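The data blocks that follow each hold one structure.
Consider the two complexes below, in which chain A is the common component and chain B and chain C are the respective partners.
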Partner chain A sequence: MADEALFLLLHSEMVAGLYRAAEQGEGENGRCTTKLESMGFRVGQGLIERFTKDTARFKDELDIMKFICKDFWTTVFKKQIDNLRTNHQGIYVLQDNKFRLLTQMSAGKQYLEHAPKYLAFTCGLIRGGLSNLGIKSIVTAEVSSMPACKFQVMIQKI
Partner chain B sequence: MNSELFTLTYGALVTQLCKDYENDDDVNKQLDKMGYNIGVRLIEDFLARSNVGRCHDFRETADVIAKIAFKMYLGITPSITNWSPGGDEFSLILENNPLVDFVELPDNHSTLIYSNLLCGVLRGALEMVQMAVDVKFVQDTLKGDSVTEIRMKFIRRIEDNLPAGEE
Partner chain C sequence: MAVCIAVIAKENYPLYIRSVPTENELKFHYTVHTSLDVVDEKISAMGKALVDQRELYLGLLYPTEDYKVYGYVTNSKVKFVMVVDSSNTALRDNEIRSMFRKLHNSYTDIMCNPFYNPGDRIHSRAFDTMVNSMMMQVC
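What follows is the complex of A and B.
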């Protein structure tokens, strides 16, 4: 069992490290968010495979989303998604009122501009998880007041 | 479950660094640097939660690292061996390293020190408690060795109260 503190520090150092490298011209600038997202994607793919090993087959798309909001989120972030909304046409909004990766930053609006960096990995995590369950999606995140945030999942019909 | 999250995330990080940097040496350096930054912050969490007091000698430090810190953060207890006669150098033997749970090194990365982050973490954390140490991998199961061995060498006490690099 790895400790949670270690994951939180690793995640924030990943963000910091990528941006630091980009500033020094070592990595390609402006692509940090994409990199973080794709790292999350890989991790999401791996995790969902392990988490769903012993679960029953999912009924439908909504069933899968509920699994992401409850089991998946609890295992990764120690709490459930607080609110799941959908327009029943392929758009889901997952709201977390106290998102674990933002709680270490001061609440409110002071560092709001930095928040997207800390959400990219998780966007990828959701997209990767869904992808391994056969759902192609685009995931974006939105923060208006930390540490609350919303993830919007747009299902891509194949 | 949580350890899979950490292991997989670390794997994704190493993979990304291998794409970003041309040679393994640069990846090793980058991992060490990131580990260092983690270590200097992790020590606060460690001291706050472990209730460990000041160590009187390097042997005690070794015990705290292996039996408390590794146990707390990675869930393993490495054994301490190969003390140098002067008592300033020892090895941590990791029977199983959780960082490499799902890992195989491809042939073209033979000089990659996959878990090098750990060295940085140890160096960074100890620096914050006024100890300069040299940390490196001397054996690695990923490279075919039977165990993973981290060698730690005490260099000096840091008397200066300012952390390095901050003037």
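What follows is the complex of A and C.
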């Protein structure tokens, strides 16, 4: 349906627009990724509030991560996370073999160096969602071969 | 019809407190503050099965001689506390639940407002209107 394409196109335009503005201005390129991530953070906070409105209380951290992998990912990207790994000590790796924001770009190694820009927003999304549920974390992403990508979540114990 | 409604952030500071007979406001603030302890107790009662662990609605927190206090915790650890007049016995559990549902829906709408920073006090007029509709009419 057209509504899937809407978010993909808006997101690509967001990334392109931010980098265009950075080129014209004086700012360094590193700030664009931070801006994208903080945008994703705020969106993630609001989204999580809406999605967890009707779900039951979460038992523990693993429960929350499973919710993110299944319900949250399905609602935003229309599919689930393909693989969740953890070392049970606060590190989770979410693997998506066909990340929707990257499928339109390439199916191998082409454009690999541009991929991180398109993952920043989603990293922020995960971090914002977790923070609203009471978990402080650091989320990073890596791509070895499009369109598969891995999100690594490191829980910060205060 | 509630007498006082409070929204408390996960760090336990108030985001929104409104009470109807405005001269005794401090007493209601104190009541809400002490009810936070009871809320924490109920949430952390793991394995005791006193409260259904999967539900967001906590039920009656504690009754005083004039008032009854009800609680509700969202998944993002934001607490809603409602103080109801004891003399108003017509209020059933279902009505209280539906009032908390409305509160939760309005709070979700506020979160999605781009002009609202999570953690700030709530100044939304739509939220005020909704809370007014739930408070007792004092003439």
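Here, the second predicted complex is superposed on the first by the 152 of 158 C-alpha atoms of A that agree within 3 Å, B and C clash if a C-alpha of one lies under 4 Å from a C-alpha of the other, contacts with A are read in each partner's own complex, and residues count from 1 in each chain.
The definition used in the following text is that a residue touches a chain if its C-beta (ideal position, glycine included) is under 8 Å from a C-beta of that chain, and two chains touch if they have at least 3 such contacts.
Only a predicted model underlies this, so the values are computations on that prediction, with no experimental measurement involved.
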First, second, both or neither for A:Ile81, with chain B first and chain C second: neither
Touching partner for A:Phe58 - first (chain B), second (chain C), both, neither: second
Touching partner for A:Arg50 - first (chain B), second (chain C), both, neither: both
First, second, both or neither for A:Leu9, with chain B first and chain C second: first
Touched partner set for A:Ala115, first chain B, second chain C, both or neither: neither
In the superposition, chain B vs chain C on chain A residues touched: B
Which of chain B and chain C A:Asn132 touches, first, second, both or neither: second
Overlap of chain C and chain B interfaces on chain A (superposed complexes): 42, 46, 50
Touch list for chain C against partner chain A, complex: 10, 53-56, 73-77, 104-105, 107-108, 111-112, 114, 118
Footprint of chain B on chain A - complex, ascending: 1-7, 9-11, 13-14, 16-18, 21, 26-27, 35, 38-40, 42-43, 46-47, 50-51, 75-76
Chain A residues touching chain C - in the complex, by the definition given at the top: 42, 45-46, 48-50, 52-53, 55-59, 132-134
Partner chain A, residues of chain B touching it in the complex: 1-13, 15-16, 20-21, 30, 33-34, 37-38, 41-42, 45, 72-75, 98, 102
